[in-house]
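Below are two complexes that have chain A in common, paired first with chain B and then with chain C.
Moving on to the complex of A and B:
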């Protein structure tokens, strides 16, 4: 086990280097350089040179990359081009806000998907199964941003039940938990929708596979109640592949947060990232790309390790 | 000769009838799946609509009805009009061109790239395989959507750039798929016998391995079109997809997201989204139907 973890950590090093090279290259190999977009015609060439020197953009690319990488390892992502604030400060403020949305969304999606998947699998080819399949296909095909707009149209504009933007009511004297929750309902639903759809399908087929196993037949034949067979014997085993799925979905989920945050005015990393894209604030863009990619890398390692932990049949070598 | 022998032995086992091609078999199976047939019909109709938009659309895209800004759906304007009095049905028809083109061409790029890389990786193995797979791992770590946004921000937007960028950022799944296929297929007897008969690498790859990997590739390609259309619409909605002025479903929704629009003229926000939904749903259902039709073993 220790050797396996060690090997996995070693194999992560080239992938980490690759991630940093790509994050760096996209921004720096572009036609022109990061300066071209911020260049104001009023600036004199000498000013431009000075700004470039200030930002370190006048050095050869490999030197720039090396310097960026070294400070990156120290968690120093440089300063924002626009506000001048250290990027790490900005991220420290924004990442938890995004994590709140992502983790709640993931939890909700997983809970709903597991329930729907079990319903579907235990009633294979029934009307319920059919309805859940239709629902899953719809969830996979609906554009998230449009779904979010429709939620706002129905629940904010017409019914007036839920607030359309923000994390809490800015005008309220005191922020209550209810206020926070009411601001989270729509973003979380919109965020979770595609995952509910795809995870339900995986859960269904995982469950169907497990139900056909010999140990389920054994459990049934020794007279256990159907609910015990399903929820105790089958469910545990059917959940194993879902762990891998969660790990693989992380990159996709984070991508979804960018859209959801910008529609619901959720002040997290996604919205900051989108603003940075618009303003060509490259230090922030590079930091978000690198950081999320590394997060996914670490998450994949954890997934693999958890997998072996919950399924003793898996042997590491 | 060798292939004939194998085919004949299959026929003796009753797996295929005489003079029935693969295409006919697949069509026969697909025809039984009503949802898939309906989806295929919708996809064909959508492409016909996109191609013949200038003939089918009731108005020209620059016809503005100034007496009817934000007009409700009516006999004259079936889907209503937008902020400039343009006929929404016309705009939705023309808008389909962007989505359907981007979906198809980007998918082509991604599938070609993925198939080539996966084939090389799976067939040759060793260090080439190692390099390609590590590169795939790296690419899969990035949150695809933000990576696409970054590339668009750096290289600029516009339909051609979006097509290439979407194609170049979504080959990873197909690479892994094709590699897996090649890895398992190349150990099979028919490949061994082809090699024993002196077939070279190119013949084994193009005559034996690739045709046998086609089923999952076709399914992945169909599903890919749907995903790509969703991504393009999202980019255009954020103003980072096609250039402003190009009519696209995502772009129409971008104009519709204001609060006054939502309050007073919701149809402007509803119809383009419904079209995206219908298109992607059709591709997804068709892909699912093809999965069952191409290989009954793949059925869940």
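Moving on to the complex of A and C:
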């Protein structure tokens, strides 16, 4: 087991470096640079050249990459080109806000998907099953941004029930929990919708597979109650593929957060990342890319490891 | 008798109105919530590059001089008692206000002024405002409250541009790296507000200072809420979530009808912006001034103003905006729309349609070129379509394209890889000095993209920026406008007008080319 983890960790290093090289190249090859936004008839282009040199942007790309990598080893992401703030400060402010949205969204998606999946599977080909399937396919086909805009249109603009953007009411004297929750409802729903849709389908098929197993038949023939059969014996086994799914959808979810945060004005990492991309603020873009890459790599590893714990049939050597 | 009744009626009306105004009671306190498209990156007047950075800096920092909102001429600002210039306009002495404290309690002195301007000159400072210090030879502190600037040559923008720069606290910046100093995120200024909360990309809250040196302002707080785009900004103001929003040209007609019912009041102002067509004069077809003139005469500018800008502008005549009243040359015609004359000029220049395909040609070359602008700016995208239509009528083939901003600016405009462009300048400032746009030295290090060269204009531009006497400068700028008009290096299309809505209970706004709010002391809510 230890050797397995060690081997996996070792193999992550070249993958990680490869990811950073590719993203560094893509980020720098996009037309323009951090100075493009500063065009103004009174500014001297030579000033722009001087600032570029101050920021180290006049050096060849491989040198810039090497310097970036060296400071990364010291866990230093550098300073933003645009604001001069240490990138670690930016991340400290933004990552928890995004995690709040992502983790709530994932939890909600998982809870709903498992319940709907079980309902669907245990009542296969019933009206409930069809209804859930229709919702699932609709959820998969509807683009997230459109769904999010529709939510705003219906619940904020027409009904006026929920605030359209932001994290809390700025005009209120004190921030209450209710206020926080009301601001989270729509972003969380929009964030969770595509996951609910696809995970419901996975849960359904995984449950259906398990229900047909011999040990379920045995459990039933022992005279166990149907609820015990489903929730104790079947569910546990049916959840195993879901663990893999969760670990692997992480990258996809972070991508979704970028869109959701922009639409709902959620001041998290996604929005900061988008702004940084427009402004060509390379240190911030690279930090977010790196962080996402590390998260995905770590979650892949954790998925494989937990798999071994929850499914005793799997052995690593 | 009848006459008396009328007079009595008028008197009552006037009294009634004045009582109506007098009846308005100033509400002490209150929170203003404004929207910003995109958050400021930092709050430092030297380093900031975004509009929101400038807006935030004005909340906490103050300048030695400021601009009069109506005449746009420099006047002593909150930090200055008075100032004087020597006879030759080379030595300027500023008498600073005593008893002014930064928000951390430290006293403001001439040392802070000196530090701020020296920081602009420092090559390690990542500022794009180095040009402000070009004419400055030396800064001398006479005493704590008197500071003297010596110039290399008289420079008009020294007062309007350089000395209106807001002053940083030397005791917190001196000896540090200004680019990464944490004070950039937690500003300490002499201004009426302090930054009390800043969640980046969400909102920034400024709270009134009780110890502000000119007395506390009426408002309690000003909050800037970050919104995604122009549409959400206006929507939020119409929903009552924000106290103000700018109104894009396409929405002006609708909003002006509905504003009152939503508790909003509409304001308009002429800004310092204009849009224009720029030619690449290095290109063979544009070398001939006859061709450029013909192209200009084929354009019916009012149609562009009406269709692309929904009437929110006026046909432009020259490179100087009318807002700079003393320098704007009114004698230049706004437009000379004359298709017949345009056709005649092209015929005369040797461009004739010899092969009958509807496009003029000369020596086997068709009169054809590309016209580009930046994507996403719908007004400019409409403008290039209209221009292509106008030019087609005189047998000119114009291919249009809209490119993303960074590609457009870096790979085409700055690299001079274009035939013709539609572009605009905003925020040109209150001085008519267009040295960086039309002087031949600015082809290399400047914004003379079209490579315009006219030695007479060169000489006048230098004369104009090295004298400070308006009576001497006026004929210089009149002449420059005439020469540039006759050379047609660019066709000036439209002077732009800005529109905005504000909460109808806000008082103290003065629409001017430099904005609506000029002094926070003047801004208050009425009950």
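Criterion: the second predicted complex is superposed on the first by the 297 of 317 C-alpha atoms of A that agree within 3 Å, B and C clash if a C-alpha of one lies under 4 Å from a C-alpha of the other, contacts with A are read in each partner's own complex, and residues count from 1 in each chain.
Heads up, the rule we're going with is that a contact is a pair of C-beta atoms (placed from the backbone, for glycine too) under 8 Å apart; a residue touches a chain by one contact, two chains touch by 3 or more.
Please read all numbers here as calculations on a predicted model, not as lab measurements.
Colleague: After lining up the shared chain so the two structures overlap, which partner does A:141 touch, if you call chain B first and chain C second: first, second, both or neither?
Modeller: First partner only.
Colleague: Contacts for A:262 in the overlay, against chain B (first) and chain C (second): which applies, first, second, both or neither?
Modeller: both
Colleague: Please work out whether A:87 is in contact with chain B alone, chain C alone, both, or neither, and reply first, second, both or neither.
Modeller: neither
Colleague: Considering only the touch criterion stated at the top, classify A:275 as touching first (chain B), second (chain C), both, or neither.
Modeller: second
Colleague: Which partner does A:189 reach: the first (chain B), the second (chain C), both, or neither?
Modeller: Touch partners of A:189: none, neither chain B nor chain C.
Colleague: I'd like to know which partner A:251 touches here: chain B for first, chain C for second, both or neither.
Modeller: A:251 contacts chain B only, not chain C.
Colleague: Give one of first, second, both or neither to describe whether A:50 is in contact with chain B, with chain C, with both, or with none.
Modeller: second
Colleague: For chain A, give the residues common to its interface with chain B and its interface with chain C.
Modeller: 30-31, 262-263, 280.
Colleague: Give the list of chain A residues in touch with chain C in this complex.
Modeller: The touching residues are 30-33, 35-48, 50-51, 54-55, 79-80, 82-86, 90, 93-94, 165-167, 170-171, 262-263, 265, 267, 271-272, 275, 279-280.
Colleague: For chain C, which residues are in contact with chain A within the complex?
Modeller: 31, 33, 38-39, 41-42, 47, 49-50, 123-124, 126-131, 161, 179-181, 184-185, 199-203, 205, 223, 225-228, 232, 236, 404-407, 409-411, 414, 425, 427-429, 434, 436-437, 445-447
Colleague: Quick one: which bits of chain A touch chain B in the complex? Just the residue numbers, please.
Modeller: Contacts found on chain A: 14-15, 18-19, 22, 26-27, 30-31, 137-138, 140-146, 149-150, 152-153, 157, 164, 204-205, 208, 251-252, 254-256, 258-259, 262-263, 273-274, 277-278, 280, 285, 288-289, 292-294, 296-297, 300.
Colleague: Given the complex with chain A, which residues does chain B contribute to the contact?
Modeller: Answer in residue numbers: 134-135, 137-147, 149-155, 226, 230, 233-234, 237-238, 240, 250, 253, 256-257, 259, 262-263, 266, 269-270, 273, 276-277, 280-281, 284-285, 288, 300.
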